[in-house]
Amino acid sequence: MTTYPQRHADLPPPSARTAGLGWLRKNLFDSPLNCALTLLSLYLLYLVVPPVVEWALIKADWRGASSEACSRVGACWPFIRVHLNQFMYGFYPVAQQWRVNLAIVLLGALIAPLFFRRFALKSWLGAVILLVYPVIAFHLLVGGRFGLSHVETSKWGGLSLTLVIAIVGMVAALPLGIVLALGRRATNMPILKALCVAFIELVRGVPLITVLFMSSVMLPFFLPEGLNFDKLLRALIGVALFASAYMAEVVRGGLQGIPKAQFEAAAALGLGFWKSTALVILPQALRLVIPGIVNTFIGLFKDTSLVLIIGLFDLLGSTQAANADTNWLGFSTEGYVFAGCIYWAFCFSMSRYSQWLEKRLQAGQRH
Amino acid sequence: MAQTKEPPEAAPARPLPWNDPRVRAIVLQVLVIAGVIALAVYLVRNLMHNLEVRGISTGFGFLSNRAGFAINQSLIPYSEETSTYGRTFVVGLLNTLLVSGLGIVCSTILGFIIGVARLSRNWLVAKLASAYIETFRNLPLLVQILFWYFAVFLNLPPPGEALHIGDSFFLTLRGLYLPRPVAQAGFGWTVLAFVAAMVASIVLVWWSRHRRDRTGKRFPAYLASTGLLLSVPLVAFVLTGRPLQWVKPELAGFNFVGGVDVIPELAALLLSLSIYTAAFIAETVRAGILSVSPGQTEAAYALGLRPRWTLRLVIIPQAMRVTIPPLTSQYLNLTKNSSLATAIGYPDLVSLFAGTTLNQTGQAVEVMSMTMAVYLVISLVISMFMNWFNARMALVER
Amino acid sequence: MNAVHAVDPAANAASAGPAMVELRGVHKWYDRFHVLKDINLSVAKGERIVICGPSGSGKSTLIRCINRLEEHQRGRIIVDGVELTSDVKNIEKVRCEVGIVFQQFNLFPHLTVLENCVLAPMWVRKTPRKAAEQAAMEYLERVRIPEQAKKYPGQLSGGQQQRVAIARSLCMRPKIMLFDEPTSALDPEMIKEVLDVMVELARSGMTMLCVTHEMGFAKTVANRVIFMDGGEIIEENEPEAFFTRPQHDRTKLFLSQILNQ
Amino acid sequence: GATFEAVKKKGFVQCGVNVGLPGFSVADEKGVWKGLDVDVCRAIAAAVFGDASKVKFTPLTAKERFTALQSGEVDVLSRNTTWTVTREGGLGIAFTGITYIDGQGFLVKKKLGVKSALKLDGATVCVGSGTTTELNLADYFALHKMKFKAVVYDTSDETEKGFAAGRCDVLTSDQSQLYALRLKLADPDGAVVLPEVISKEPLGPAVRQGDQEWFNVVRWSLFAMLDAEELGVSSENVDQMKQSKNPDIKRLLGVEVIKHGLGLPDDWAYKIVKQVGNYGEIFERNVGSGSPLKISRGQNALWTKGGLQYAPPIR
Amino acid sequence: MNAVHAVDPAANAASAGPAMVELRGVHKWYDRFHVLKDINLSVAKGERIVICGPSGSGKSTLIRCINRLEEHQRGRIIVDGVELTSDVKNIEKVRCEVGIVFQQFNLFPHLTVLENCVLAPMWVRKTPRKAAEQAAMEYLERVRIPEQAKKYPGQLSGGQQQRVAIARSLCMRPKIMLFDEPTSALDPEMIKEVLDVMVELARSGMTMLCVTHEMGFAKTVANRVIFMDGGEIIEENEPEAFFTRPQHDRTKLFLSQILNQ
């Protein structure tokens, strides 16, 4: 029989091997294979980083107002500065650009509180963003009322157009996607289900640019003569339909993640189909798939660049227009790099946000 | 258990029709289908009317008309003097299939490498892999395509100053030129030797597996058969007096002639599609590997299996199950994204058929419906194949 | 010897009133599988019935048929004078009168305890929020967890969750309560909490049908115990007689098993 | 007709133009469209609404243009489009006249040392997709038993970029565009336009078939500009010219009312000339001496000056 | 008072041989968390040791250190004469001699039961398939499920799966078997199936270290019971004495809890 009366105190771990050289050894050189991989990676970095830094920073030109100011050995950033207005607003009249800014600031101000966990009026604010804000933004951007001059959609462009398409697409795709997903799960209504499946699969099966082509130049074929509507609106519809098919699949995943027992519990309380769906099922299902939704948004945001192909001058379109500027020929790389950086910044922050959400949701915390 | 049972009653009474969910379902569906049909009829009638009023010819007769324009890259014989619009459709389709097929292969390989690299113990490798993923996943594909094409490939040297390896391989902004092999008499022997080596290696693999089962001894069958496949034809080739002529590309006039060339449009499209999709595949692969519970690895290690075998025998077969469905969507996306070829003039289906041909013939409805149908069919075929593959990998459950 | 109507005085007294739940020759199939075979059962107002039987004998199915979570294919089920057919209006009416508590609680995880409780009164009964919340707090007090009202279900223990589920059902002021093994997913200490609440509910005169293997509970509160096997009601008796003098061999075997446990 | 009615109802003309072709249609950094094709659209708006600004532009790539016109996406296509029989017969569109007489030519880099198109055997050629240019190119090389490789781009901008980067040896396009594209090169003097003109390219605005009234409006808007030039009426002198005794001018400017039956106001031609100018003015302003392109009138001179531009009289 | 070797006769007999497992002053940290503190333990050939203790006391960690699924940072672990260092060869050698059965079975779900059993013998021991399968069938018979050989793990009940896991370990003919709460993920009826197999294994003279709270099992087969708390071995005794006369307060408290259950 043995007992061990004395209790050991917790000791600190043995000599921290995890700093400096120790860290290097442990993380980079702990086996021959790893050594090789490390050296290869270093070589790759050597190939890529110095030339890029040299081009973009060291040998770049920063000042000047015309193409003569650029030596062409490095990047020519004045090109971006001169065209910045075009990149941001397209052909939106300079005097009216405050309206675009205001719309964006307003949106930012509305969204910001959503990021705070303990903000009580979240659902009200959400409703305002989804229902009221679009009306405000529409009048602000289009004008023609309240003493604002009318700005045609064909003048919209640049980053602001990209944002408009992306945001409208997101806002429209979510409810559409929910309807489609519910339709796809309506097993007791085979025809309805088949229609939803057909729509989803059809739209997901064809490239977005064919959808855009259809909506931009072929749509009037299908309408009575003289009936016509704004080209931007049609692009928006095309983008929204496309995104809604993807959204439907995401939402369906969420619906599948809700146990049948939740339906039963709601039904047993006397809630009908629509009430239990709206009050019990959807809130849970959507929360479950927030990361998927954000990912769809990222895809949507990137896909907006395709409207270039139907002649809308979004951010990328403006870049190309600027590339064609006779006074500034040969700086397309700078243009693409700049546009790429902006797209990247938006997508990257969204994807980080989605990862953060995923972690938070996984942690199982509620509110 | 005799008991005073009431006479068994028939089915429960029928409710009022408007309270019966079945009736409701039918009515709703009839309404929806009627709405959809009405909409379809309305659209189609407008279409017919508009086409007629505007004097646009309809029908698929145009497919047999002569096309009369040149195509940059064609996998089947095509001549601008004789070929028809129907043929441009096939050429475009094949080009689309070529770039998507190659893209799928390249992005899968690259994606698996990056995905595994992101899980590497080597800090630098893992960070580089994440940087790769974050960079390429968050940039629109169109930007990437335009960048690679205009900013990279078109900045290669012109034919006169081609980068070259010896006098056989040339890289210029007009493409990569490789020697073209032309078989001489007697080359049949080499082919025959190759076939023989193939048969031999199949036998070898079978034999080694059999022997492993019988005696537990292992034999590096794959290595050996690779050796066979390379050496036997080579020996035959040399013995029969090297009956193969290489037509080397040569700079004649404006361009290199002879040889095989890979046009930069294909290269740029393929590169950007592969790089872009690989970033997504890498994430898929990583998720697949992470989805296999660490208990599986521990169990395998505890049995004395080496890490390499654990990966091959235990982890990957299980990771595939999680990986395949998202992988399928990536393949579908890649195929659809290949339609962005139109931005840089690679003659794919959209650019060639839904572009030039549509413009020459003006038959938008026919051309666009054919194009979309083709994409749908390709998507369905890929899905079906992957579903079949997935079903084979699926776990047997109780 | 089947379907002997309850003989003890208490039960008799109860069954004098009109039947709250009446099943006549009910049959049910899952596909080709015959789960309920000619079930006849009449529950009077205020009666407390415990249903037991081996796993798979159809107890849950029976309970779930009563508020139409499952559809029966033959026979009639009449609840509080309303016959259950596929008529949605009737179904809704019945579901308002019948509360059910599941084995797995099935609380709505995205709503607080209080929100769980007021959801149905507000949306189905159209009670104003104030009133609904007041009522909910009363019921939460009755199940002895008023202090948890603002928490989310995920933050409660199993026993607390099950009590919330009971309170949630009660908030609809049902005339009948159904329980489907309400304690079998709980840890032993929590079982008692929940049973206490149920006993109290029984005392207040609620009509109850309860699937449970807690024989102590059955002995304390039941007017009648029903034993099911293979989709049939095999035996039916007042608890005393049921436990001490089971008639049927199958029942004896079953009782020997669970009482030995 | 339906189109004309629809145009009047919506209050502006929807005009399809090139996404970007200097001299013919380009949007400047403020988004204002400029060019010969664009001015034709303005003239139509001036005729119909008396206001040259009542026009909206839809930039179209070569591939989209006919579908856009056919479908009704645009009311008139004024986008350096060649008038051919298949287009008029098969696509359900009608050309209303010729705004620019062009011919296809080749642009090569000087350092290549090529002086004639017949020396282009084996060359790689950059060309815009879905154009007659693409077809003429194939025909020309086949006729002269030469080989070539075509690199086909969507927009003229890309075509130019491809050529500038050296993707091809030759750029082929309508002569007018060649000058414009040459201008876009970093070193315009490093490239030359070869002398051969391998095709007839009458460029003009097109409308959908089936609306004769609208067709007439578009056609006569163009003719009015030509007639104005022939009669010496320009945007500067148009108000004085109203006093002119010349019956042709009086009829043109609506001083003497004639029953033209176009469904346009009497002073429609006056509005065109006043707000947009006569043909000579818009030519010089956009592509001629007043522009960086500096294209000479050549065949586009009036028939009275030895050119081919000829308009029926307004009477 | 440390590391006193087992004193009861049975254990003595066993410990006459060389120590199969020897831990000397073993320490382990997870980051800054000190999870094993100065563990000293020597297990003789044929000895059967049961380890118990509250949750989080480091039992699993200890077991897993023995076949190097976890790395210890201080002290020495010697298994069958081989010291565990970061030398891969040694680790492989040890792992071939030591079988482990996890709480969660960890069968390979994509392989049949038989394939699960022959995988390691074929790849590690290079046994011919025929022989490996024969051996596997023998072990499957020993754990009484030869008829399940062609099924996939997903098709088996928990108890059957755990028995497959035992058979799979045995197929490597280990000298030492480690069990980490092998029955705690099982339903009560299945626990017995698995314990029976383990008792039989113990009878056949296998050296075993078993983390379990099945005190019946401990009483039946163990030579020694080890009680751990807070990463330390608190008490160590032969089972009889351990259960009837626990010395340490912590042990008493723990025993009172689990025996009352």
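So that you can tell them apart, the chains are marked A, B, C, D and E in the order they are listed, and the count of residues begins at 1 in each.
The definition used in the following text is that contacts are C-beta pairs under 8 Å (C-beta built on N, C-alpha and C of every residue); 3 or more make two chains touch, one makes a residue touch a chain.
Which protein is which chain? UniProt says A, B = Amino acid ABC transporter permease; C, E = Glutamine ABC transporter ATP-binding protein.
Since the model is a prediction, treat every value here as computed from it, not as a measurement.
Engineer: Return the chains common to the contact lists of chain B and chain D.
Structural biologist: Per touch definition, common to chain B and chain D: A.
Engineer: Shared touching chains for chain A and chain C?
Structural biologist: A chain counts here if it touches both chain A and chain C, which gives B.
Engineer: What chain is most central when centres are computed from CA atoms?
Structural biologist: That would be A.
Engineer: Given a C-alpha superposition of chain C onto chain E, how large is the rotation in degrees, taken in steps of 5?
Structural biologist: 170
Engineer: Whole-Å distance, chain A centre to chain D centre, using C-alpha means?
Structural biologist: 41
Engineer: Could you give the separation in Å between the centres of chain A and chain E, each centre being the mean of its C-alpha atoms?
Structural biologist: Whole-Å distance between the two chain centres: 52.
Engineer: In whole angstrom, how far does the Cα centroid of chain D sit from the Cα centroid of chain E?
Structural biologist: Here chain D and chain E have centroids separated by 89 Å.
Engineer: What is the distance in Å between the mean C-alpha positions of chain B and chain C?
Structural biologist: That pair's centroid distance is 57 Å.
Engineer: Which residues belonging to chain B are in contact with no fewer than two other chains?
Structural biologist: 21-22, 50-51, 53, 150, 342-343, 364 - these are the residues of chain B that touch more than one other chain.
Engineer: When you check chain C against every other chain, which residues touch at least two of them?
Structural biologist: 88, in rising order.
Engineer: Where in chain A do residues touch at least two different other chains?
Structural biologist: 213, 217-218, 220-221, 223, 225, 320, 332
Engineer: If every chain is a node and each touching pair gets an edge, what shape is that graph: line, ring, star, complete or other?
Structural biologist: Basically it's none of the tidy shapes, so other.
Engineer: Could you list each pair of chains that touch, in label order?
Structural biologist: Every pair of chains meeting the touch criterion: A-B, A-C, A-D, A-E, B-C, B-D, B-E.
Engineer: What residues on chain A touch chain E, complex-wise?
Structural biologist: 1-5, 7-8, 10-14
Engineer: Looking at the complex, which residues from chain B come into contact with chain D?
Structural biologist: 50-51, 53-57, 68-72, 80-81, 150, 154-155, 158, 173-174, 252-255, 257, 264-265, 342-345, 347, 351, 355-356, 358-362, 364
Engineer: What residues on chain D touch chain B, complex-wise?
Structural biologist: Contacts found on chain D: 2, 62-67, 70-72, 87, 90-93, 112, 120-124, 129-131, 134-135, 137-139, 142, 148-154, 158, 161-162, 165-169, 208-210.
Engineer: Contact residues on chain A for chain C in the complex?
Structural biologist: 261-262, 264-272, 275, 279-280, 283-284, 287, 364, 366-367
Engineer: Quick one: which bits of chain B touch chain A in the complex? Just the residue numbers, please.
Structural biologist: It comes out as residues 21-22, 25, 28-29, 32-33, 36, 43, 46-47, 50-51, 53, 120-125, 128, 134-135, 137-144, 146-147, 150-151, 332, 336-337, 339-340, 342-343, 350, 354, 364-365, 368, 371-372, 375-376, 379-380.
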